[in-house]
Each structure stands twice: as structure tokens, then as C-alpha cells.
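Across the two complexes that follow, chain A remains constant while its partner is chain B and subsequently chain C.
On to the complex of A and B.
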């Protein structure tokens, strides 16, 4: 193993047969669930809270806090949803988790169900992930046969069942409300928050919805204990992070590292660098910031990113070499959002189109100086007034490109106009 | 008849609508559902036609226009883009004599863009009939196309 890797969630990858529950059991599988069932739901939530585990889907909300809210919500019916609608360009970690160690996720969901008092769970898998659906379906059936799912789990009196729900090609389904509307049989057009899913989620009932990687962490927190878990990572970011490394690096692939590793270490030591030189790195996927080469000393850490006015996102690292131009990449990213916008709210539906129109003026060298201000105003409006995270994050690449590559935009301004001002 | 079986297997509640539509579309040779198909689904599931239509036209894996027997989805997002996705497009368009969004005259292939297929470590990738093909180059593409032609 490499110096900077730390295998926790991926430690069984390639060692166990993902289609065999016996393999998972032989390496201590479902021991965390049994341990959890011997304590109280309250104690489980406290343990998760103490671990400092934060959601791995991109928003980084503390998992224990979310569970506590659902646990305290007064309702006879509660749901667990595992968000496996991985569609953020550059990300493939959830697919690897599902296809290499499916029971780890199921165990995490069952621990959650016990803690919050839910009897029904869904794994929402995007329609394109045929193999993931196949492996997860097999694992759920096997877990039922062995009594880790179903009625009276391991004699504890707890009932919990998981159903797979398959999406049908829509990025916005990854947004939690859009996802729940999809399960209910509607087009996935999100809605205003609050109320949050923890209070009124699926079918209006309290719902714990978390990313695949978040659930996969739970058995480790319970089995190793919060204290042990919190030893991995940094002061503000506990545990490991799966990194989907792609783009122009030599060794593309999935890597697991402790929080605190620097971006250049991931790119150079794990990805073995690029063939030419790096133009920029997009972190987190299409909704994430683009960084210039001189900023790659930034740590994989929620606080380090926040201090730089950015968020870490879901952990994709897309390395782009100098054969590509900044504006082409930004344009590609905006095109993605234009296509995936659900069309419900105006700032996202119309705003992105206008960002593209103005950006094209820069690409043709025909922009006016005032177009810079126009872009900034429009970016602010889209971020502030879009209903869901898709719209709010759509201009991030453009915004950070304007911040870190101002010369590229300056070069797109018409000569005469620049002189006049 | 077929639709009845699908509904019996999947269920009749609104949360099964999407999977019923997907399964029903799979039974169609040209990979799409007509307005009559959608009306039939609405009637048999006891849902308003407007709801069935809105779901069928929202999701990109469903189509209300005829497509080829094999829909070739090409990812063009950044990880594939910087690894030559547009060279793949050129190869495909030349080999099939159609442009993106079109279907070959024999009704065998359609070309579509897809949003990220989650296989960025194998970029550039295409997906045909639930199968992903990655690390593409000219030779590999030609082989894939001729394999599907022979099927």
C-alpha cells in the first residue's frame, strides 16, 4: 500500500467475493450490527455523534446530528434512504462501494434503522448502474436469508427491510427532495427547504437520507468505537475519504486516504502525475471549484476548503492538463448543468443559458468589460435564488475560474472596449 | 398482455410507475413508448395521463420518440472530454453515418449524449444496452460496433 493510503471502507475490496455473504461474515461482517443491537438506539446515535462523521455526499452535514433529529421525530413511520444516485461527473466511489462490498452499506443502513426507529429503507441507485443494482439486490436477498434484514432481526424484535429503487437518468435525483419525489412516482423537481427530510421526508415522514459512503462508515464507527475512528483524519475532518481520481492523470482510479492529505500528494503519489503540465484541477465534480496548480497544497479537509471559500464536495479529483483550455472546461461544465436543470425555477433554467451566452463572448474575444460585472451579478443571483443545490452549485466552476484565472477572461475582452475604459 | 404482466410483477402504486415504464419500454423494439402506450399505462395503473406523460418525458432513459434497437450513449462530461470523448464521437458518427441524436436507417443504432456514466477511471466511455465500454480507441470502437451488427 502507498504511504498516504488508509484502507478502511475499501479494506475488503478484492479480498472478498461481493456476491458472497459468507466472505463478508468471515471478515467480521455484521458484528457491528450485533454490537449496536445490544445497546440502546440512543447510545448508537451518541456514538456516531462522538465520531465526528460528516456526510460524504457533498454537503458534509454531521451524520449523528441528522440521525438524532430523525430519532427524536414523533412518527410511527420513518424511512432510511441510501442515496446511490451517483451522477456527479468525476465520481465513481459509490459504484465501487456497491460493487465490491455491498454488505457494508446494508449493515450501515440496518444500524441506522435501529437507531432512528425505521422499518423500511430504500437504496436509490441510478438507472445507469446496472451492475450495482445486480450486486446490491443479491446482497439484500442474502442478508434477508441470514436474518440481518426482515422481521425480528437477530431476535432483537426490530423489523427492517430494504428495497432497491432504480432511477432513470436524471442528475437532479441526487438532490434529496428530488430523489424522494422520484420514489413517489413523479418527475424529480425539487422543492423549498425547510421542512427538512428529517422532519418531513419521504411520503411526508421523517427520513434519514445519506450517501452510500456515509452508510458504509457506520459499521466501522460502531465496531471500532467513536474514539478509535476519530483518530483518523484531522481535527475538523474525521475518518477517511474515498477519492475518485480521474482526468489526465496516469493512474486513474479509486483511492482511500485519511483526511488531511494534500491534493498534490493525491495527484503525484497516487495518480503518478500527468504527462505534460497541469492546467487546473476540479475538485468534487462538476459542481466543484477549479483550482490552479499553485493551490494544490490545499488539504483534503472540510475546514481547509472552507477557509479558502470552497467546499470539498463528494471527493472527485479531476486533473486537467495544459492540452485543455480553462474556458472550454468551464463551458463544458455549464453545458452539463444546462442539460440537467429540471426547469422548475427560473434562475437555474434561464440563468445558466445566459451564463453560456456571455461566456461565449469571452471565448470569441468579443466580450465587453462590463460583461465581467454582468457574469458576477448573474452568478450571485443564481446562487442565492435557485431552489435546490443543483442550481446553487451550477456557477461554481465559472466563479472560481474567474477568481483564479482572471487573465483568461481579460484576454476575451474586445481590444477597443478595453482601451475605451 | 405484456403490460398486464409487468404491472402484476411491479405493482400498481404510483411509486412503481417509473419501473413499469422502463420495463415496458424494454419490450419495444425501437426503445420508446408511444402516446397510446402511455395512455394504456395510465388507465391500467389508475393514474392521470398527464402524470404518466410528465414522468415519461422527464427521465432520459425513457423516450417518446423512436430510437434504434441499440442506443449508444456517449459521455461528454469533463473527465471523458479531456480524454478524447469528441474523437469517439467522430469515430461513431463516421462508422454509423449519422450524427448525434439520430438513428441509423436500418433502425439498429441511435447515438445519444449521456451525462456522466460514473466510469471516469475508464474514460472515454460509451454505454450500449446496459453495458459500459471504456478506455476506447479506434480499433476497440470498430470491434464493438461490428459485434452489435452481428447480434
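On to the complex of A and C.
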């Protein structure tokens, strides 16, 4: 293990057989659930809150706070949803979690169910992840057989069942409202909020919807205690973060690091650098910012990112070397969002197409000076008025490219011939 | 109710908790532009035109979907807000066939209005519209994809009010469109042609199929004797096309206007509405006496007839065999009137002015052709089309002197006027059926139980010691409930049920002036009942002209001639029209 790694969620990877619940149990599996069942739901929520754990899906909303809202919501029916629709290009952490240690996620969901009072849970798995579906399905069945799911779990009187639901490969299914509509049998299209899922979620009932990695953290918070958990990471970011490292680095793969490590450490120490030199790094996936090499000192930390006007996203690190051009990468990202837009709201549906049209003018060297301003205005409107996070984040790569690589855009502006002047 | 304090553009005010920013702003005297928003519909918040700035919020929330909270500071006119609104409208325009000057909605298009209000002078974005053919398969409705802004109002009204879901979003992202399933033509799906979608469309993506030119042609043809009939609901709504109040009764002006357009004779559908009551009333009494299929269902609303033929054909024996007033009129216009004025049926061109788009389909039905060839009603104009025709002719509607309908189809009663509102046919029928069956005079002729916008209404009357229960339902989602009641036997103690396809009845029809909301429908309904009250005769069987028609020509209700001219049959169209 490298000096900057810290294995918590991945500590059983490669050691246990993901298809064997006995393996999981032999390494202390489901002890956290048993521990939780001995305390009150309120105490569980308090523990999670105290841990400072924040959602790992991208929005980084405090998990305990979300659970508290669902717990307090007055409703006979509540739901737990594990968002495993990992569609963000560059990300593969959820897939690794599901395929290497599925019970950790199930245990986290069961702990949540106990805390908020839900009897039914869904794992919404990206359609293309057939192996993940297979492993999770096996794990859910095994957990049911052993009494960790089902009726009267471990004699506690609590019922909780999990069902797997798969999407058909649409990126927007990862947006929580679209995801819930999808489970309800509707086309996946996002909608406005509030109300938030914690108040009116699946089938209009209070719903705790969290990312796979968030749920996988819960058994550790409960088992080790909030205090112990909070020792990992930084002041503002607690615990570890799974990093999907990919792109032009030598050692691509999934790494688990404590919050606070610097981007260059991840790239150089874990990924063993690139062959040539780095052009830029895109953090968080397609919806994340692109950073120039001189900014790689930034720490993996919610606050450090926020201070730089960015968000950490779901933790992908895509390294791009100088064999690739900035605008090609940006264009590719926008093309992705154009294709994946659900089409509901104007700015995302129509706006991204025009970002591409204008960007093409820069790429052909035919842009005019006013096109820079036009891009900025359009980006602002898309960010300001898109109905969901997909649209709001779609121009991020372009926006940060314009901020950090202005020379590339300047070069795309049509030069007037001497005659014309 | 709990109050919250909000500040909108530096104006502080108190509003009820749960108020939308949009409504709070209205109270503060600020109007926020909206496009997908419709007061009677669920919030969609997809056009993003009503964006506002709220202190402490990262993005610009939409005013139509965001509820105020205590201490909220809202700004509706900042550079950021103006820019976002403008960009979103420009984006819509960039994927829109901007042929405003030749567009059917020129002058009353909501997109055009907002573009004007926002001061859009040129579109910064390239127009990337890929032109598609219009869907003109339906005799009633035209769908023009090139105009669609994907607001989803049509989808909602079709699904929530009519319960049909003929239209929905297809595809994804930039290629998403609003269409019938599998991209089929409207005429190839089980659309009932009610045109409700066209009444809520903010642009010209869904409109009525215009028949104006055909009518001009007939008027200008010296060989043709062109007659026109006007439906009950039109007299309380056509004024809206000329800036008059919704519900204002403009019957006399409308008659004058039609005469000014060049129609040879101006008649009233109300006359055949009275006739309908006589025929339908006797049919009901016959069914009661002879143990026929009950409850009997009304048959005046062609959208509703399309619905039952396509969705509940097994219940068709319940439907009255009476033609709708429009078609009774058409039959008389071709089968009785020509002889009376010494002309041949083929010399008559019969036009109707209807609040309805389904009437266009009804007029084209094979069953509605006395000579098996020519339509009894040659052309149907919606209220909106009549408005346009009058404008084309330069007729200043509001300044016209009132005129009277022509003989012999000009005299009608209050019972006929109320056909225009939900519950009206039922009320009119009760007025006549009671007196015909009992031989007694009704004390009060106002059956208020069946009036108003409640979805399904009930009333009961005593007929010679027998309690007769009746029901009136409007909009097809309610019709659907009634059909299920009949199927399950829950409606077996009802004798007579009125069904109207459109919300509010004909005054809320698919061919009516734009901007119908429940508030406006109520105003039109008030106009209808006011017109009823003001008429000297308010019972169909007391209409002297109808009496004379029976004496001279029809002989008796449900008789031989009635059978030929005034009754029809229905077809199982479960597999489409």
C-alpha cells in the first residue's frame, strides 16, 4: 500500500469472495448493523451526523442531515434508495464497490433503514453494469437467508427488503428525481425542487437517496464510532474518498485515499505520472472542472475545491496529456451532455447544442471576438436556469477551460486580414 | 393562514405561506413572464423563462415552481435575470420556425408576446430548426412540430383533463418531441379531436384545421345559398376575440356580423337544440316505458361520441340515437329548408359556427350525409375562426347594431342556450320531460344541482311517482369514471346522464378563444345562464317554431321523418376511426 492510501471501504477488496457472505461475516461483516440495532434510530442518526460524513455522489450534502430529515418526516411508508446509476464518464468506484464488497453497501442501507424507519429499499444500478447486478443480487439473497434483510431482522422487529432496479443506460437516471420517476415506471426526466426527496421522494414518500459510496461508509462510522471516523481526512472533509484514476496515467485504477491529499500526489504517486507531460486534469468526471498543471497542488477537500469555485464531484480524476488538445476534450464533454440531456428544460435541451456550435467556430479558427462574450452569457444562463444538476454542470468543463486556458480560445478567433483593416 | 414577509424588488409585502413567487410578485405589482405555466395545470417549470434572483440561492429559481418563505428577498429585474430570460427565449426561437407573419397565431402567440416584452431584436443563436411536415391527418386539428416549444401543456390537458394521453414526449434531449405514440398521425391514434390541446398551446404547434377559405369561396359563389348556424356557447365567447368581456352576451352583434360577412341566412343552432330536447326527451320516455337500455346517455358532444365509439363501444346502446343539434340543423338545412325557399339541396351551402374542433370531424361522418354524398354541414368554423374571418372582413364587431336571426330557424328558448354549459342539456331535458310526462307545470325550472364546474353532478326528480336520478359529467376523465360506473352496475339506478367532452361543457370547447381557465369558464357559464334568464320562453317544448315544424313537416317526435333526418347510429371504432 502506498503511503498516501488509506483503505477503509476497500480493505476487504481481493481478500473476500464477493459472492460469499461467509467471507464478509468472517471479517466482521454485519457487526455494525447489529450494533446499530442495539441503539435507537435517533442515536444512529446522531452518530452519522457527528461523523461529518458527506454524500459521495457529487453534491456532498451531509448524510446525517439527510437521514434526520427522513427520520423526522411523518409518514407510514419511507424508502431507502441506493443510487448506483454510475453514469459519469471517468467514474467506476461504485462498480468496484458493488462487485468487490456488496454486503458493505447492503449493511449500510439496512442501518439507514433502521435509522429512518424504512421497510423497503431499492438499488438503482446502471443498466450496463450487468456484473454488478449479478453480484448485488446474489448478496441480497444471501443477506435475506441469513436474516440481515427480510422480516424481523435479527429479532429486532424491523423489516427491510431491497430490490434491484436497473436503468436503460441514460445518464440522467443518476439525477435523483429522474431516478425515482424511473422506478415508478416513468421516463427519466428531472424535475424542480423543492420538495426534496426527504419530504416527497419515491411515490411521494419520504426517501433517503444516497450514493453507493455513502452507504458503504455507514457500517464503518457505526462500527468505529463517529469520533474515530472523523479522525480520517481534514477539518472540512471527513473519511476517505475513492478516486477513479484514469486517462493518460501509467497506473489507472481505483484508489482510496484520505481527504486532504493533493491531486499531484494521486497522479504521481498512485498513477505513476504520465508518459509525456500533463495538459490538464478533469476532476469529478465529465461534469467536473478542467485544471491546468499548475493547479494540481489543490487538495482533495470539499472546502479547498469550493474556495477555488469548483466542486469535488464524485471523485474521478481524468488525466489528459499534451497529446490531446483542450478544445477536443471540452467538445467531447459537451457532446456527451448534448446526447444525455433529458430534453425537459430549455437551457439544457437547446443551450448545449449552441455551446457546441459556437465552440466549433473557435475550433475552426472562425470565431469572432463577441463569441467569447456569447459563450460566457450562455454558460451563465445554462448554469443559472437548468432544472437539474445535469444541465447546471454541463458547461463546467468549457467554463473552466475558458478560465484556465484563455490562450486556446484567443487562438480560435478569426484574424482579420490586413486588407480588411 | 400563516403569513410570511417577502421583499420583491425592494417592495415589502405579506403573503400567505405557500404562495408561489409568481403570485407574490403579482401582488407586488410585478408581472413575471411565463410560458409553460398554466394556472389550471400542474407545475412543469421547464421553459425556465420565469427565472428570478433570490438572495442566498445559487441559481435562478423559477417563479412558477418556488414557494416564498419568510424573509425571502426576490429580484425580478436584474441584469442576470434579464439575460437568462432572454437567452432562454432566444434558444427556443433558434429551434422554432419563425414565420410569425404568416402564422395562424400571429398576434396572439405567447412566445411572440414574451419575445416582444423582453425586447429581443435579433437572435444571437443560429436557427437550427429542421423543418418537418405538418400532421394534417385529422379533420379537426393540425399539429405543426416546427412551432412546438415542448412546454408540455397539451400533454397535461390530454392526460389529466381528458384522461387520454394521446400526446407525450418522445425521444431525449435536443431531439425530444411532443407526439402521439410511435410518431403516428393524429388520425391513426385514438384521438377524439376535442382540441383541448389547441386551447392551451402557447404557440401554433397545435391548432384547429382552418376552413375559412372554403367558406369565403361559398359566400362568393353566386350559385350558392349560404346558411350559417351558431352554437349556444359562441354568443358568450366570440366577444373575447374583440376585447370584450368573457361571458358577455353578444348574440345580436354576432348575427349582424354574420350577415355583414355575406351569409344569405343566419340561423341559430339553439333552434335544433330545442328540437333535440323534444326528440331526446321522447326517446327517454320511450326507453323508460318500454324497458329500453338505461341510463340513456346524451349525444350532443362529438368529442364524447368519438370517445365512447373508440374506448367504450360496448356501451353504445346507452347513447341516445339523436343527432347533435349541429347535425339536426344540417339535416333540416338540406332536407327541409331548400323546398321551403324553392331551391335544390345542392344549392345550399351550410356552415356552422361552433366552439368545437370535433364538430369538424362530425360534419364529415358518412352518417351525416342525407344524399350519401354531400355533407349536411358543409363547413364548420370554430369561434376562433369566425373571429379571424370578421377581422379579415374588417368588421368592427363591438360597434355593430344588434340584429335578429332569420326565420324559420331563428326562434329558440332558454333551454337551448344552456346547452352551452355543462349540465345544460340535462336541465333543458328535465324542464321538458317533466312537463310532457306529468302534464303539470314545473314550479321552479332552475335545476342548479347540475350546474357548475364540479366534475360529476347529480340531481333527482319525481316523475309520476317514480324517482328519476340523473347525472351530468364534463371532460373525458369524468366520462371515463361514469363509463366504469355503468359497466360495474353502480350507475344502474340512474336514468339519464349528460356527458360533455370538454371541461365546463361547450363554453370550454376546443375551438373557443384562447386563454380559458376555470375562472374564465365560470364567466362564460354565467353568461349562458344570464341569457337563459333573459329569454321569454325557457322550455323547449314551448318553442313555437319547433311546434310549427312538427305540425308542418315532422308530424311527431320519433316519427318517420325524425328517424330519417334527426337520428343516427354509432359504430364500434375501438380499432380507430
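Definition applied: the second predicted complex is superposed on the first by the 416 of 421 C-alpha atoms of A that agree within 3 Å, B and C clash if a C-alpha of one lies under 4 Å from a C-alpha of the other, contacts with A are read in each partner's own complex, and residues count from 1 in each chain.
One rule holds in what follows: contacts are C-beta pairs under 8 Å (C-beta built on N, C-alpha and C of every residue); 3 or more make two chains touch, one makes a residue touch a chain.
Since this is a predicted model, take the numbers as computed values, not measurements.
Looking at the shared chain after the overlay, A:282 reaches chain B, while chain C stays out of its contact range. Once chain A of one complex is fitted onto chain A of the other, the partner contacts of A:378 are limited to chain C, with no touch recorded for chain B.
Of the two partner chains placed by the overlay, neither chain B nor chain C lies in contact with A:119.
Touch criterion not met for A:4: it reaches neither chain B nor chain C. By the document's definition of touching, both partners, chain B and chain C, reach A:187. In the superposition on chain A, contact is made by A:170 with both chain B and chain C. Shared-chain residue A:339: touches chain B and chain C both.
By the touch criterion defined above, A:154 lies against neither chain B nor chain C after alignment on the C-alpha atoms of chain A.
Judged by the touch definition given at the top, the superposed model places A:392 against chain C, while chain B stays out of reach.
When the two complexes are superposed on chain A, the residues of chain A that touch both chain B and chain C are 170, 187, 339-340, 342. Of all residues in chain A, only 86-92, 94-95, 126-130, 165-171, 182-188, 244-248, 252-254, 282, 286, 316, 318, 320-321, 323-324, 329, 332-333, 336, 339-340, 342 touch chain B in the complex they form.
Those residues of chain A that touch chain C in the shared complex are 170, 187, 189, 191-192, 194, 338-347, 349-354, 357, 374, 377-378, 380-381, 383-387, 392.
Against chain A, the residues of chain B that register as touching in their complex are 13-19, 21-22, 47, 51, 54-55, 58-62, 76-79, 81-83, 113-123, 127, 130-131. Listing the residues of chain C that touch chain A in their complex gives 43, 45-49, 51, 59-62, 65-67, 80, 83-84, 87-88, 91-92, 94-95, 124-126, 128, 149-150, 169, 171-176.
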